[in-house]
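Both complexes below contain subunit A, partnered by subunit B and then by subunit C.
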Partner chain A sequence: MLLSKKLNLLLLTMSIFLAGCWDRIDIEERGFVIGTALDLADQKSNEDYEVIMTNQFVIPAGLGSITEGSGGQEAFMNISETGTSLFRTNRKFSQLNSQVPFYQHLKVLLISDEVMKQPNLFSDMMDFYIRDHAMRRSIRLVVAEGEARDILNLKPKNVNVPSMYLDDLMENVDRNTSTIKPVHVGEVQELILNEQSYVLPIVKKAGDQAEYGNVVVINGESNQMVGSLDEEETAGLGFVNGHTEGGVLEIQVDDDLIAIEITEIKQNMNIKNRQKDQLRVGISIDIKGNIAEHFGGRSVLKEQYVNKIEKSAEKKVKELVGNTIEEVQGELNTDVLGIGKTLYKFHYDFWQKIKNDWEKGENYFSSAVIDVNANVEIDRVGSNDRIKMSEGG
Partner chain B sequence: MGRNIFRRRKMRQESTEGESFSAELGTDLDKNLQDLQVMIGSPGDLVIRRVTLGVNVNAAVAFISGLSNKEAIHNDLIKNMQRNREKEAGSDTPDELLKQMQLDLISIGSVENTNSLDKLTIDLLSGKSVVYVDGAAEVLLLGTEKWETRSIDEPISESLIRGPREGFVENLQTNMMLIRRHIRDPNLRFDTNEVGRRSKKKLVVCYMEGIANPDIIKEVNHRLSSIDMDGAMESGYIEQWIEDSYLSPFPQMDNTERPDKVASSVLQGKVGILLDGSPFALIAPITIANAFKSPEDYYDRWLIGTFLRFIRYIGAFITMFLPALYIALVSYHQGMIPSQLAFSIAATREGVPFPAFVEAIIMGITMELLREAGARLPRTIGQTIGIVGGLVIGEAAVSAGIVSPIMVIVVALTAVASFTIPLYSVAISFRLLRFGFMIAAAVLGLYGIVLVYIMINIHIVNLKSMGVPYSTPFAPTFIKDWKDLVLRGPIPMMNERPRNLQPKDKRSGNLRR
Partner chain C sequence: MKDFKYADEKISSREIMIALPAITVGVGILSLPREIALLTIGVDGWIAILIAGAVITIITWITAKLAASYPGESFLSYASKLVTKPVAILFTITLILQSLLLSAYVIRVIADIAKTYLFDRTPVEVVSLTFLLVVVYAVSGTRAGLFRLNMLFFPIIVLITFALAMFSLGWFEIENYFPIFKTGLMDHLKAAELSSLSFVGFNVLFFYIAIVKDTEKAPKASIYGMLIVVSLYFLIFLVNLGVFGNAVTGNLVYPLIELAKEIEIPGGFFERFDSFFFVIWIMSIFNTVAMSVDVSIYAFQSILNLKKITYLFCVAPIIYIIGMVPEGALEVGKFGTFIGYFGIISSSSIAIILFTISKIKGGRNQPNATK
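Up next is the complex of A and B:
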């Protein structure tokens, strides 16, 4: 102890106050990045890409308050920068913008399908968003059809900032069968590490609006987009692996159109045998729903009729799922159904033997036989029985 | 450090003992009266009335006109002395005469004999009247104290919606009466002490024999006996002399104007201290939880009482943390604010020239200025100041762009929250600590707030009030006391006295649930 106690205490106190206030940047000096778009600029060589990073900054004054309004000022500002590493590109923003980019309020990350189509580029770029301390794992990731930065320029009439609009759009996932739950950056890390194929949601331009729905299929090994699923195929996929929370099932029963509002979907997958080249997989899907709309004059209070509706709905579900299975087994040859995951969980030894020949080589996935069993249950029929009497009554 | 100073005080006291002189009275009336006049400097309010008794015996009555009951002196003393000269003539010696007067003639309740000039003077100055008889070695001291007092009013600093409307006054006797009216128990003790070298004021320690822990009473008496000062103008002098730590921002004694509060505390096993001339009684020992208790909690139904306490705890946390949190979040942790709120704070702070800390300090000090100005001014003007300050200055500061509107909300909320704390002295120290938190938040952000909070907690667990840990019953934990902590349990369930005071009689009722 060279120093006396008092001196020590003084030095300790001084160290706090003299070094104090580091990292202090007041809120108005922060440039809040609320959305980011990544586009492909140029492929320099085989594994060397240049990427355009477009950051959407919020202009708080433009958001306006309840009493004052924004006064015609724009609420956002998009700035683009090109570079190879995202971190350096991100630093370049400080040369253009007076405010320091601040990523803790980043809501959506848009990645153009061009970027997704390059092998390994997507996973490499995700590293910045996972590694950086300012990044939240709750950033929602979505693939943009076409140029991603164009979507950040959309001006819907009701929301001032496009990224907030996109963020809110992704909340509405339980309304349609073709929208899947938004994927967070945190989950993406899991997906990439698992090396199993997965799907990401798509957003595309639709006039002044953006449209959220459908998915792209990504190969788990190269993290590269291999194709996309259309509305019906996305719905089928949703029934199988639980990406969908709800939605509407439209069916025809004796020429009458019936819309069933899905309230609950449960699925179960079991492996029936362990033959490498002819694996049998059983998928059972339990759906509960209400009759939301009914054309025609038949009474929905009759049990027989309801049973008939249920049967038709089951048929429809099987058809949708069948289409999806056909597409992913045939053309895309990518296991996004989660069979590999089930094997990994419940038949680990078997999976170790076949995993190298699952989606490539021997293509055991394509040769698997998948039995789909659907069970639809109508819980409620709505507030009325029928709107008109018909001869069938 | 505090202990050293305490010891030094005691030593000084010991060295001054033995200086008090006690002059004996003589037998010569004129000499005695002259002595008295010399002793107190023949003030204008000293009345000396000479009377002749029996067969030409000279006598005199002395009293201070403002402090004595003149009617009683005239009717019950002087009149009787003058009208019974035959009876008086029966006594042979002046001493016998004095004795006879005491037994036969004087119809005043309290009569004492003394031959000490010292005692005589002090008693005279506290309102008694003195009867001299020429040739007698002693004098009679008559309890004729009476002076103008304030009538019993509603306590201004602690008004309740429901509860007794009477508060303590400056008269000690009245105050004791007010407590006695709440507790008619023979074990209610009023131990009288005297305080102040010059003021010689009466100080009463009030407790329940058989309930209060004797160690606490001993400790209180020990500390009271160490008091050595000229005069105690207010019970605050006593509080500051006998408190455990004068460096602590937290008061270690409760002060109250409400007799019901003293009575209920005494019944719990606490000690009340009353000082003559002060309408504020002290209650010790207290814990941090007392800061959040109001007598009203018990007068309303338990659900209401519990709710009010919750509100006060929330209020305390808002008082201490809100401005600091604002600074920390706005200057360091913008990511922790919900996005929409962050943007609107950023929008309102656009164009504000000061960093959040300076902004908060400006507004915090403005608020304290307004509060102090409102307290100093007469009540009618005080309210105007509040309105002018709160509305006009706040509004003008925002439109001038000196502070952001959110800061005004923060400051206003802090002020309102601090006024929910029933114990005024705690509320002030919370508001003081708020500035510490603000500095910590400005230097180290949330980390700084956490550090200061830990420091304050360490201090609180170290602090004691009359030897009782300040943090009980949180820690040391007395689970049974928790039914009267944040929660205010139903009255029938509270049949045990607080365990943290270790009362001699643990139960206050026998109903068991």
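Up next is the complex of A and C:
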């Protein structure tokens, strides 16, 4: 018994040596990458592109605390590297920075519009962000107008780290109709695999600030950006495919300006016939909203007047959606409305017959007739009836 | 030293019910949604899981019924009565081989997965060895203890699966299920065939029913056990498809792990759900390997009465070496498919052959029959 006690003690002591670990990296040695920007360097040959990868590393000391402040130290550091494959480029960071890039906390991936315009380049780049085990599928994607790495330098006075600022900007999606819900790397993988056309949000430089809003249109067939939508077209698209969660609808009723705060958007798409060259698609949009601002002196408590407001709002929605349809059908010939998706999901056999001639060849998409039906319902009118007494109403 | 409840190495039918999912649920389901999604359209793969599940449940019942009609008798003993001793030994060796190959495959896969997701630089050999050593330690204890361990781990595994399903709701889109019922018949059958490979493991029933106290309840318990597996697989497949859709599920190497990576529990504290998932799934994989190594010992002892520990020291290096033979993910995959087919075909045919013969011989020389 005594011997075995001694033996036990010896074994216990030896367990100290078991603490070794191949994969140990101390937290101080990790460089937390919180945002990445991808820019096009230059075209080497017809097929190969050189890409500039800019990683934004967080410097924890610079973040400081509320009471102490950061003591003037910057909270982030941007480093750029150039290369053809992203994985090798990512490894090159270790030649510049003593810290190993650690991507588990990567929040935002900025891609310059130049990259998006090259066929297949963007989808090829996504491979690294999906294949690598350290990447999370919830990384948010955003297209930068101009140089993407410049946006990682924007630092308004109230923020420490630009990437976190961008990430927060993307949270405010229910305030404007021109901002869409953030798109994640995981979703893009699905879109690319399904060869579906889609949109990505844009961020651009506006002085010291970044401005988030509007979208670029990416064709699923060629995997490249074919154009972009302006504020109104983005709003129209948002009504159709549910990218938008809310926003403001400005309408004119008898020369009085009315702003409607959208609280709920629901949409439904149905295929009315299955004629290849004259497909009829019905889109119905149900919107609920509040009157948030009202010019003029008419009473918003009169049912007749509210009906009139609803009617003009419906007209406005139809107009916005109509413009968007015109743009994506006529100009861009890219189905970001999700008609192809609806056909695939609910009219599978018909879709198999036409899918090769949808956005190319016979171009059945552009010859489809789309009927838009909008229904706006005013829920609340706010705490005031009118600001001045005139016209009577 | 029979002074506590489980010292007599007997188990109850309830423990058989839990042992089945414990041994069956392991590495197969991690990649199963991909294999099914590749062959089917939309969410149609659920049919394949149900077909495979139904067939395997029937075979499980046959196996349990067969073993239960010879209560207290070892596999070798009742198989010898039915198909002469040499054939019975051959059957036993086939089943032992199946368990050993399965253990080897599983320790290799778990090491590969751990290397991909957790340890970048730790060699696969080291991870496998560590895992195997823990298994050897567990198996060298009492058999009843191992069954208790199953009972202990299993609720946790079910819980994490349900937690995964619950937290996925935020990412879940019913649209991902469409189109439905568009897969051709042949693809359904092919998918069902592939799904059946993930149900390997019911061969333990040939042996363990001998130590069940309430033998007559064992067949029913086995059916329940297998149905638990089918429902778990069914749930995991539906959640995977609902979150990722068919195309993505079909292209992720381990859709179930990616699912755990995708979901984030709001609040930040439990953001990294995959770390929990790994810990708990490794428990389930541990059960798989421990049970298959143990059943191989039990089977071997019926042929040659060797001490448990001696056998373990001989067989553990063999398992380890077999596990290390395949090079690269592709060969490991082929090895897995081979083991799947080998396991399902050998166990099913042994069960069906023995069951048929026992039915034919029936009432004549079956003094032990309970009903």
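Please note the rule applied: the second predicted complex is superposed on the first by the 372 of 393 C-alpha atoms of A that agree within 3 Å, B and C clash if a C-alpha of one lies under 4 Å from a C-alpha of the other, contacts with A are read in each partner's own complex, and residues count from 1 in each chain.
Throughout what follows, contacts are C-beta pairs under 8 Å (C-beta built on N, C-alpha and C of every residue); 3 or more make two chains touch, one makes a residue touch a chain.
Keep in mind that this is a model prediction, so the values were computed, not measured.
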### Task
Identify whether subunit B and subunit C fit side by side or clash on subunit A in the overlaid structures.
fit
### Message
In this superposition, which partner touches a larger number of subunit A residues, subunit B or subunit C?
### Response
B
### Task
Please indicate which partner A:Leu257 is in contact with in the superposed arrangement: first for subunit B, second for subunit C, both, or neither.
neither
### Query
Just subunit B (first), just subunit C (second), both, or neither: which does A:Met389 touch?
neither
### Message
Touch test for A:Ser138: subunit B only (first), subunit C only (second), both, or neither?
### Response
second
### Message
Contacts for A:Ile27 in the overlay, against subunit B (first) and subunit C (second): which applies, first, second, both or neither?
### Response
first
### Message
According to the stated criteria, A:Ile16 is in contact with first (subunit B), second (subunit C), both, or neither; which is it?
### Response
first
### Message
Applying the document's definition of touch, where does A:Lys107 land relative to subunit B and subunit C: first, second, both, or neither?
### Response
first
### Query
Looking at the overlay, what does A:Pro60 touch: subunit B (first), subunit C (second), both, or neither?
first
### Message
On the combined arrangement from the superposition, state the nearest Cα-Cα distance between subunit B and subunit C in Å.
### Response
5
### Query
Which positions of subunit A sit in both the subunit B and the subunit C interface?
21, 23, 136
### Query
Along subunit B, where are the residues that touch subunit A in the complex?
330-332, 334-335, 337, 339, 342-350, 352, 355-356, 442-445
## Note on the structure
Interface with subunit C, subunit A side, in the complex: residues 21-23, 133, 136-138, 186, 189-190, 193-194, 344-346, 348-349
### Summary
So, in the complex, the side of subunit A touching subunit B is made of residues 16-17, 20-21, 23-28, 30, 32, 34, 58, 60-61, 63-65, 102, 104-105, 107, 134, 136, 164
### Query
Contact residues on subunit C for subunit A in the complex?
41-42, 116-123, 126, 175, 178-179, 182, 244-245, 247-248, 251, 258, 261-262, 264
